[in-house]
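Going in written order, the chains are labelled A, B, C, D, E and F, and every chain counts its residues from 1.
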Amino acid sequence: MLNLGHAPVLIVVVLLLAAFIIPLLGKRQGVVNAVFLGAGAAAFIMSLSMTMRVLAEGTLHYPVGGWAAPYGIVVLVDVFAAYSSLVLAMVALIISWFAVYGPREVRHNGVYFTLILLLTAAMQGMVMAGDLFNLFVFIEISSLAAIAIIAIKGTKESVEASFRYLVLSALGSGGVLFSIALIFMITGHLNMEYIRTTLIVTAEQYPLNLLTSIGLMVVGFGVKAALFPMHVWLPDAHSNAPTASSALLSGLVVKVYIIALMRIAYLALGLEIFALLPIRHLFLALSTGALMVGSVFAMVQDNAKRLLAFSTVTQVGYIFLGFGLFSPRAIEGGVLHILNHAVMKSLLFLAAGVIIHQTGIKKLSQFNGLGRKMPLTFAAFTVGAMSMVGIPGTAGFISKLYIALGALDADMLVFAVLILVSSLLNAAYYFPIIISAFFGKDSEKEAVEPRLAMLAPILVLALMVFFFGLFPSLMVPLVQQTALLFVR
Amino acid sequence: MNDMILEMLSRILIPATQLFGAYILFHGHLSPGGGFSGGTIIGASFILYSLVYRFTAQKHRLKHETSLWLEVGGVLVYVMAGLVGIVFGRHFLTNQGVFPTGEPGRLWSSGMILLVTLGIGAKVAGTVLKLFQELLEGGAEPDGHH
Amino acid sequence: MLAAINVLLLLFLVVCAVVVARTKDLLSATVIFGAYSMVMSIIWQQLHSPDVAITEAAIGAGATSLLFLAAISRTGRHEE
Amino acid sequence: MQTTSVAVILPVMVPLLLAAVIYAVERRSWRLRNSLSVMAALASFLLVVQHYRTIMADTTIVANFPQLLPPLGVSFRLDYLGFFVATVVSFVWLLVTIYSTAYMVKEHAKNRYYPFSVLTLAGAMGVILSGDLITFFLFFEVMSLSAYVLIIHEETAVAMRAGYRYLILTIIGGLSLLFSVIAVFQQAGRVSFTPGGLPLEITALTFLAFLGFLVGFGIKAGMVPLHIWLPEAHPVAPSPASALLSGLMLKTGAFGLIRVTYQIFGLEMMQIVMWRDQLQLLAAITIFLGSAVAITQDDIKRRLAYSSVGQMGYILLGVGLLTERALIGAIFHIFAHAFMKSSLFLAAGAIIYSTGKRRVSEWVGLGRKMPITMSVFTVAALSMVGVPPLVGFVSKWELALGALDAGSVAYVLLLLLSSLMNFIYYFPLIQNAFFGEGVAHAAQAKTRRDNLPLAMLAPMVALAAVILLIDLLPYNFALELAERATYSLFTTAR
Amino acid sequence: MVIIERLYMNIYYLVAVILFIIGFHTMLTHNNLLKKIMGMNIMDTSLFLFFVAIGYIHGGQAPILREGVMQYVNPVPSALILTGIVISVSFTAFALALVVLLHKQYGTLDADKIIALRSKRHA
Amino acid sequence: MTLMVLLGIGVLLVLMVAEMPLYGDVTAPAHQGVMQKYLRDSARDTGAINTIAAIIIDYRAYDTLGEATVLFVAVIAVTAAFYGGYEHE
């Protein structure tokens, strides 16, 4: 009955349906878990099949309601969308597993799972949206859900951080909505592809409108994606959330906005306009700031989760750097880094969460000797950290390699050097943790490995770091075709 | 004293508001209005109701289960209406050719639109009331939720 | 004539917005915000968008103000 | 001639897998753990040596995996140079591992030592057998990072500090290597070890690439002024680990420099630009400073570490002179120094193991107490000084001839000076050990001679035997291999 | 002069932009959390006004189809705004819930005081 | 500082307003896109004479599903904020 040709909406709908049903199930925890994980798995399978299909047949246009563009809403799945959807579904499924079997940090699991499902559904909808306003609706759902999974922890810090996140996020939404209004005003369309064809004609007539609109778009998405000067909300928000939320937020949510922005850039604005305006150079400047500031702030942190949050600021900088350099290989690197960072940052957050749960220690300075007591957890943490630094053989190396190659292709030697310097800075704050954990003096704290169900997602992610580090060729066709979308 | 006047007033006001809301809801496809505005108006009437009787009868407070079913029922109707399209071999949320669209201008026309409007109306009414109540007294007791 | 009324309404809108931002009394601010929404809804009616006008009257002026009132009743009426 | 065979990755993969197995079994049985560790080195050695005939038939064995790490691709290759160095490394590793099974008994955390030692071996073999820069870099990092665990094995504050310095420098080196790899790829479109890919006109990028290689390999090889981690790290590691680090791991830096000089940049480019001179100058400073500072050290392992710095200078000089003789000398010295320095460290380790004396000044009369150990030490030390017919002499001879070929008489004098300094820091020690009179040792004179387990004695003796005998054999196959490696490098590099 | 004339003709857009700035400013700089939320609402409604003004056509009638009407106004912005209003109220509701919680936890609604209290707790 | 920035943004936006297509102009680009079809065909396509209803619940029904979901998220989020955490100080 179910034709997988409907996957572009079914992925979203299945996740939404599960989200709607879970509150009805009440306290039947087993059923709730089954529905939660089942929906995630179904989304993953559909996403996989959809990706295969996109690779075989090219871009999919799914007209919702049967109304073809420009009248109806079209879900537009190109390689970039398929890739992003796959990454989202995969990593979200693993984090969902952790949310079920990991340490319990919220009282109402049902509510928590509902929010996670809504968040993932919105993210899936966002990366596949072919219509600007549809994109906006999904942005709002994901923003609201993302804030809620921070506030659900209920501590003073998390509520305060989530309020701040909400205010800035609302500002960003306002910017995006304004920009959509301006674009609609000068094109009369909301479908991205029609906007592009119309803009070619009308852009000259309304240059200031277009410029403002793009500026608002960049700022709006920049706030949500924590691009460098707009990252101020991120460290508090990500570090005060429950562990699974932190992983989800840092690993996926910030990146989804980058994906959406880049999709708008090539689908709605068109490369001509993107190349005409100095957006690229803005990206380059801001990501340089992100690389430096994120690392420097991360170095002085003693709270494990805060350190990881600041590191996210840096890594977002890498992705923007890849897109800003705009040579095919740099874009491939940026796109790969979306996956790689999703995997390794989730890994680090989950491992840190497990460590905090098993030992009660939040401070990095007290991690000494814990590595010997919890070897598997810390080995996984080490793998993630090595990937962050960019040790070859791990996933993080590949994306850095690509971005650095792309920097040379774009004749910008300085950014290749910048990446290396930033790797060094990463090493300077990740390695001391590992060293003190494995070789430091024993602390008095008792610590044991968690049970296998809790450890499993971490180990799976650690294996994935190696897997994508050694066999990136699996993703390369997708990534290369994605780069072709940008550089035609 | 005050309560009596309030009660008298509300006895007239609440049904009137609800009637107005229902009109807006049912005529969403014919005249201005629709699920969201109609639902909000009905929800507002419930809010009025709960405010007026708040001190006299705590039991009048909308039950958790009821509001939940309103909430979820509304969106489920929506999603199910959408899935019907897929089952019929068309696209998600297809109206034309799947639902009877009827004759334009009549009350029972426009197929899915009316159905979905009613669903949304129920959902929004529940949501508005629920949000208001939670903001007014939510989180007061440690485990007052269930 | 009608244009003049519209301009007046717009002016009223801006004044309302400034007053909302300036008033120290949160309850008054909420009430003025309700008025602001109401005026907004009238303007939309003038612009021949009755659907939006009704929705704004119900949600913007009605529900939002009610929610604000509920929150203010929990947190206190005056800005510190 | 070239043949493709996946067998060439086995010397890397077998220890890599065995490292995991050792980690898994170590809690069950220490016997199994030890024998597996030895097996890993032995397997590597045999898997390399089995290709002897193929290699001697002028054939290069390659294995390419372009799907891995796109767009660069992973590839392995076994040529003369690789075969020679791989044989040396795996053989010495085998001996040192046998030695360590006895030596490490006294140490803690043995379960950590063995897997990481084997992992380091896998990394080193990967470096040597790699067919392109990115594979080289990959295994270079594996080796460097696992060596960190060997260095800080004792976990004392000193060791941690030395280890941290090593780690930071390693990462800096790794990053500059990575930069150079990327730059080479960008300029040449490929990173395989075949000269001529780079455009001949020198861009800023090519120069930076060269600089990156120099820094990356210089740090590993202990080139002055990047040697600062070396005299800290080698003394704090357990003696077999020091032997591995000093005798073998340093060589990968020099090995990489040879690869890069002859097979990435090519002779022509090295001669056009002045990089050759810079390299020579750095090498000369390294030789001089390393040897000079070694004289002043009292801790035996520090003295040996500085001596390593000086000896690495020989190899770098041989690379930098760009003449065939000099390169023969350099490649042969990789072999010679591996054997000499390993036996020195093993002997020093044996002495520390049974007497606990690290200071040279306390070694009075030790020669009478531990004659075998001390003889091994003596043979190796004499070879370091360059006494014929020991191996050390051969490499110095070739180097000197190479320097003459290049018309640089000054370097011949430098070599002589360095030999003299070697003499100064080894000879008094030996004299003191055999003929010195120490009151303090009268009490211990009754103990059994040497008093060492066979597993420690045998490897030392084997190493010393090679040092003594290889040049006396009718057919010095090591020199032969070094010559062939050099010729093949020179013929392809032109 | 031309600019001012155009500004007057586009007065709806102009007012929308002014309201946007007022809302933005209130949201960003006002210390009281409830005021921030009101600023958010003003900002959102300004955008809705902007949208509706885009859709207006001189002489157009409300887009409810009936006989004898030649020109309707553009229905698309109105349809979008309906969505926008609902999103705005959702955000407001959640923000108010957070404000209530913050008031319960910190006893104040002043952003500066909350930050001061938080850093004191940390120290 | 903030004021200056806002002033700058304000001037930019006002300039932009001056550049915009004229208000109420039937030839403005916004009215050339999808509007005509909606007004022409909505009754036939959907059976609703309120074009806006036709747009929100038929042509752009996916958006409205999202809209309903936003409300749902709001309720769940408020519930989460009030009852989610363990810690209530």
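Criterion: a contact is a pair of C-beta atoms (placed from the backbone, for glycine too) under 8 Å apart; a residue touches a chain by one contact, two chains touch by 3 or more.
As the structure is a prediction and not an experimental result, all values here were calculated from the model.
Trainee: Among the remaining chains, which ones contact both chain A and chain F?
Mentor: Common neighbours, chain A/chain F: B, E.
Trainee: Centre to centre, using CA atoms, which chain is the farthest one from chain C?
Mentor: Max centre-to-centre separation from chain C belongs to D.
Trainee: Comparing E-F against A-D, which pair counts more contacting C-beta pairs?
Mentor: E-F
Trainee: Comparing chain centres built from Cα atoms against the global Cα centre, which chain wins on proximity?
Mentor: Chain nearest the overall C-alpha centroid, as shown: A.
Trainee: Report the chain whose mean Cα position is at the greatest distance from that of chain B.
Mentor: D
Trainee: Please tell me the distance, in whole Å, between the geometric centres of chain A and chain B computed from their C-alpha atoms.
Mentor: Between these chains, centre-to-centre, one finds 36 Å.
Trainee: Can you check how far apart chain C and chain F are, centre to centre, with Cα atoms defining each centre and the answer in Å?
Mentor: 19
Trainee: Express in whole angstrom the distance between the two chain centres, defined as the mean CA positions of chain D and chain E.
Mentor: Those two chain centres are 70 Å apart.
Trainee: What is the distance in Å between the mean C-alpha positions of chain B and chain C?
Mentor: The answer is 24 Å.
Trainee: Touching at least two other chains at once: which residues of chain E meet that condition?
Mentor: In chain E, residues 11-12, 18, 20, 23-25, 28, 53-56, 60, 62-65, 76-78, 80, 82-83, 85-87, 89-91, 93-94, 96-101, 105 touch at least two other chains, as defined above.
Trainee: I need the residues of chain B touching at least two other chains; which ones are they?
Mentor: 30-32, 34, 36, 71-72, 75, 79, 82, 92-93, 95-96, 104, 131, 134-135, 138-139, 145 - these are the residues of chain B that touch more than one other chain.
Trainee: Quick one: which residues in chain A touch 2 or more of the other chains?
Mentor: Counting only residues that touch two or more other chains, chain A contributes 9, 16, 20, 23, 64-65, 108, 133, 137, 140, 144, 147-148, 151, 154, 156, 159, 184-185, 190.
Trainee: Touching chain B in the complex: which residues of chain C?
Mentor: Where chain C meets chain B, its residues are 50-51, 53-55, 57-59, 62-63, 66-67, 70-71, 73-74.
Trainee: In the complex of these two chains, what residues of chain E are touching chain B?
Mentor: Residue positions touching the partner: 62, 64-65, 82, 85-86, 93, 96-97, 100-101, 104.
Trainee: For the complex, which residues does chain F have touching chain E?
Mentor: 2-3, 6, 9-10, 13-18, 20, 22-26, 28, 30-31, 33-35, 38-39, 42-43, 49-52, 55-56, 60, 63-64, 66-67, 70-71, 73-74, 77-78, 81-82, 89
Trainee: Spell out the residues on chain F that touch chain A in their complex, using ranges where they run on.
Mentor: Touching chain A: residues 12-13, 15-16, 19-21, 28-35, 37-38, 58-63, 65-67, 69-70, 72-74, 76-77, 79-81, 83-89 of chain F.
Trainee: Looking at the complex, which residues from chain B come into contact with chain C?
Mentor: 24, 31-34, 36-38, 40-41, 43-44, 47, 128, 131-132, 135-136
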